[in-house]
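Two complexes, one shared chain (chain A), two partners (chain B, chain C).
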Partner chain A sequence: MNTKKLSLLTEIGRNAILALWAIFALFPLFWMVLITFKHDAEMYTTTFIFTPTLENYKAVLINTNYFKAFFDNIIVSGGAVLVSVLVGVPAAYALARYNFKKKEDLAFQILSFKFAPEILVILPLFMIYQKIRLFDTHIGLIWVYQLITMPLLIWVVRGYFEDINVEIEHAAQLDGYSWYHVFLKILLPLIKPGLVAAALLSFIFAWNSFTFPLLLSAFKVETVTVSVLKYLASDTVHYGQMAVAASVSALPEVILALIIQKHLVRGLSFGAVKG
Partner chain B sequence: MARIELCNITKKFKKVTALDNINIDVKDKEFFVLFGPAGAGKTTILKTIAGIEFPDEGHVKIDGKIVNLVEPAKRNVSMVFENYALYPHISVFDNIASPMRSPLYKKDEETVKKEVYRVASMMKIDHLMERLPSQLSNGQRQRVALGRCLVREPNVFLMDEPIAHLDAKMRHFMRSELKEMQSSFNTTTIYVTHDYMEAMSLGDRIAIINEGKIEQIGSSDEVYYTPANEFVAKLLGEPEINIFPAELEMDGRGLKVRMLGQENLIDICDDVAKVLNKKGSGKLDVGIRGNDVKFSFEKIDDNYLKGTVYIVEPIGNKTVLTVSINKQLIRIIAPNDFRAEMDSSIYIKFNMDNAMFFNGEDKTFIIRHNQDHYLRR
Partner chain C sequence: MGIQTKISQPNTADTKQDKYTKIPFLVKARPYLIMAPSLLLTIGIMYPFIAAIFYSLTNYSFRSTSYKFIGLDNWIKMFTNYDFWHAVFVTGLYAISTTGTEMVIGLGIALLLSKDTRFTKILKVVLIFPLMVAPVIATLIWQLMTNNSVGIIEKFLNIFGVYNFPWSSSPKTALLTATLIDIWVYAPFVIILIVAGVQSLPKSPFEAAQVDGASAWFTFKTLKLPLLLPFMYIALIFRLMASIQEFGIIFALTKGGPGDTLMNLSISAYTKGFQFMKFGESLPYILFLWLIVNLVSKFLVGKWLLVQKQAAGH
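This part shows the complex of A and B:
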């Protein structure tokens, strides 16, 4: 009886703490969505009662070229992740499987790209980009985004490759599969959870990147994060419009995460070899 | 079906020599066993044949053709890995079917299904076909791995301890099943084991490997009755063979040996004496297996040596009795109803007809009684 009561109490306590945390974490998002429906005049009131309006949506989505920025962002972030996957997966395989001189140094070097604050490298990059005409181009941004997306992807996927026993590859080769078949049929399904998770995270980092697109692009290529700045007018700050821009720009990440969720299964690789 | 030859294979892992000048010639359709302690290089030999490891020196030949530069996939060999190496993301059925669906050895789906179920029922895993490897016990996984190997008709089967992790009953069953299969399959098999019973019951020939070198290659009778050296003698047989130093002495009636610091000399057979005489002086070791020692609680004649009971281990169908004579421990096989007090006196007599004589310095085999008879069998 006593233990039952105790376990009930801990259950309630645990859920209460989780609920508290959820409110704490989700409230800013909720507030952001809320103010998208407010007039600028009501912006600083903290009551929940107001006359909702779609004015902000109209101002942002129809009257400005928000969607161009939105699609530019999709192109540069998606492109950056695609390049990272195409280059990073083979790199991760090599770092996991082969022994060569300075292997760990190289792996650390790749990771260290993420150490420096973006603002530190932006000035020389700005000059170089001007010179080689990568400034304000999609390719230029995709390239510089590799600093954000590639190290993460390589390190996560490398760990997954290291978890796969090399004898599974040998067995597949002896079964009569060429190396590409082994890679596509055996290795790729096994690293899929890691690859998907790392790619999603990379996409989020690239999507939310601000410093690089702010300074390395201007009018031809403009990302959502930069375009939000436009609603800081000289006379007033249009918080409602900023909130719309931010809320809409969060949608792709949310949708992607929901689609990918079922692929984020860990534990497939257990039981392959004696353990 | 193929003949497999390894010529002067040397393989080094950094500074460690894994294989040292290995020469093996496995005949077509032969069941060849590689036997040795852990870390001897048995698995490395298999992987060299499979093409997974590359020898630093020497040639691997399949049917007379040098295949050093042929990819593993194109060598048409089938291997069971010691740690199974199953594909974790596909079912047992797909695992076993995998070799028959590869671009190189493709069969139509009907044949695949038929063959997979034939092998699976042989391995007694046909009720597990839909499961993933992670949902199997180790013994079941091992049988899936064995099934994936046997489903093909390759040049050679390479088996790396394929039944080591099965329970004892299943292991005995699979051992006889493998032996039966060998006669019907007509395929060369190279089999790695560290279980001497598996080695002796399955192998047409056995190669004993130690520290990357071959100690001896021979039939199970040859390696058991005329081991090349003391290492081989100790590896085969349970309990381990008794090997101890002895001295040759001449008395009026011929050559005799003095063992275990005893007063009286023990007779040796004439054919053995002749060879030992030729060898002359030098250290000598005598090896006698546990079933060639008689024991009694009374001294029956002069050939019985006095010792004390050291350990009595009943192991089911027999008892291993360890007797201490002059600080030397002698392991003897006794009937399973044998009982004795610790430290009580006991008399033992060696059956010198079955004794083996080794060079005491380099530990190599010299002679045993009726040697030609064993080699002829």
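This part shows the complex of A and C:
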């Protein structure tokens, strides 16, 4: 009888702790979306029950340049991922399939870019970008974003290549396929799910990037992460609009994360953990 | 599933050539050629790093166009400055308090999630949401939540008779607030890595332990923990390296304030370089940080390879 009671108690305890954690993790998101529908006047007086309004959305999406920032973010992050895929996938293949001198050194060199302090890159780059006129441009940001997207893509995709049995390639070569045919027609389709997941995850990281766009661009190119800061700085605080700006930038990522859920652990650990 | 070592795999396409057959240059150079564009793009952007070392030896400033070589002056000035040692202290305190808490919470929640029920299955999916939110946006959300006039947490605390809790505006609670936000964003990272570890655990040793009548604590200490250790190291490496350099959360929260409460090395370098325009003076701060990151990551990666070997059976 006692053991039965005890196991029931541990079950209740387990679920209670998990529920508390779930509230901590998810309530802020719920509350943020909730107050996007709230009038500024009602912010101070009500908590959960109020008359919903779309005023905040109108104010942010139509009357400010938030939309432009949103599209700038898409261009810069999407561009960065595209470049990384084009040059990173072949590199990942080389690292997976060839034995060559200094191979691991090169691989770790690429990984180390991920751990380099961003400010260290930014301080000198700030100057250089102004000299070569890449400051405050899409291309400038796309280039520096390679430090975010490239290591992730190369390391994760390398793992997917290594998962494919090399015999498949040999068989195709015997059938008379040239190496680029093997690469395009046989290998790429095989790693496609992993590649798409890695690309989407590096898109999320690029999208979330803050330090690079804050310091290496100014007025012409502005990302969402930087533009929300304005809502903190302004004297008249519109909490509802602040929430709209935050929600609109955060929700696409939550959806992307749901799509790549199965590959997430592998991507987040740069291929070290095959979840 | 499981951890993967990055040592050269046996299944490489070009099997070892005979020493005496001459390999055409293009074949030998192929891997380098394939990798060249990616290396050019990343190393091209790393050129600034070399420039950083050079400029740290000059009195370069954004205010004037001319500068001169001043040797180690900037470095000596940094090491004899109270601000620097304070920044080192804040950097360490922030890194340890955030990473430490995240590791403990991550392990705990991951173990609680290890029992498969409908509830835990849903949680494994939805708990990662905060991780996808940009840290700056997360900071914004928490500033709204802790706001003393409209914040939901303030209203909640009012029930218990606590009014105007200072959060990020007081030196006493600023670190706590930043840590809370960091945990909210990054604890899910640790959780899902260790959950992946739990899911990869082999069944038979645990069944054997149960048959032998080993206590739950004994099984955990001698069996589960060593097998989970490689996963925990991966989480630790990623989290520690990032939290040592944290910029976004602190910048969006207080820009290092109140006073110098949250001035870590990243924020100090930013403030010196961009606020005070003293470019040459700011560089030693961030180069020092880079050195620390490098040393710590080398040490931890070595440790990880070791525990991985041990988990695989010595």
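Assume the second predicted complex is superposed on the first by the 217 of 275 C-alpha atoms of A that agree within 3 Å, B and C clash if a C-alpha of one lies under 4 Å from a C-alpha of the other, contacts with A are read in each partner's own complex, and residues count from 1 in each chain.
The working rule: contacts are C-beta pairs under 8 Å (C-beta built on N, C-alpha and C of every residue); 3 or more make two chains touch, one makes a residue touch a chain.
Since this is a predicted model, take the numbers as computed values, not measurements.
Contacts of A:Ile75 after superposition on the shared chain: neither chain B nor chain C is touched.
For chain A, the partner with contacts to more residues, out of chain B and chain C, is C. In the superposition on chain A, A:Asn165 makes contact with both chain B and chain C.
By the touch criterion stated above, A:Ile154 is placed in contact with chain C alone, chain B being left untouched.
In the superposed model, A:Phe115 lies in contact with chain C only, and not with chain B.
By the document's definition of touching, of the two partners only chain C reaches A:Leu232; chain B does not.
Once the two complexes are overlaid on the shared chain, A:Gly176 sits against chain B while remaining clear of chain C. Overlap of the chain B and chain C interfaces on chain A comprises residues 165, 170, 268-269, 271-274.
Chain B contributes residues 47, 50, 52, 71-73, 75, 77-79, 81-89, 98-99, 102-105, 132-136, 138, 141, 148, 165 to its touches with chain A in the complex. Chain C meets chain A in the complex at residues 1-4, 6-9, 11-14, 16, 28, 30-32, 34-35, 37-39, 41-42, 44-49, 51-52, 55, 105, 108-109, 112-113, 115, 119-120, 123, 125-138, 140-145, 147, 149-150, 152, 155, 184, 187-189, 192-193, 195-197, 199, 231, 234, 238, 241, 245, 247-248, 251-252, 266, 269-270, 273-274, 279, 282-283, 286-287, 289-290, 293-294, 297. Those residues of chain A whose C-beta lies close enough to touch chain B in the complex are 165, 167-168, 170-178, 181, 186, 189-190, 267-274.
Within the complex, the chain A residues that touch chain C are 14-15, 17-18, 21-22, 24-26, 28-29, 31-32, 35, 43-44, 47, 83, 87-88, 90-91, 93-100, 103-104, 106-107, 110, 112-113, 115-121, 123-128, 143-144, 146-147, 150-151, 154, 159, 162, 165-166, 169-170, 204, 207-211, 214-215, 224-225, 228-229, 231-232, 239, 242-243, 245-246, 249-250, 253-254, 256-258, 261, 264-265, 268-269, 271-275.
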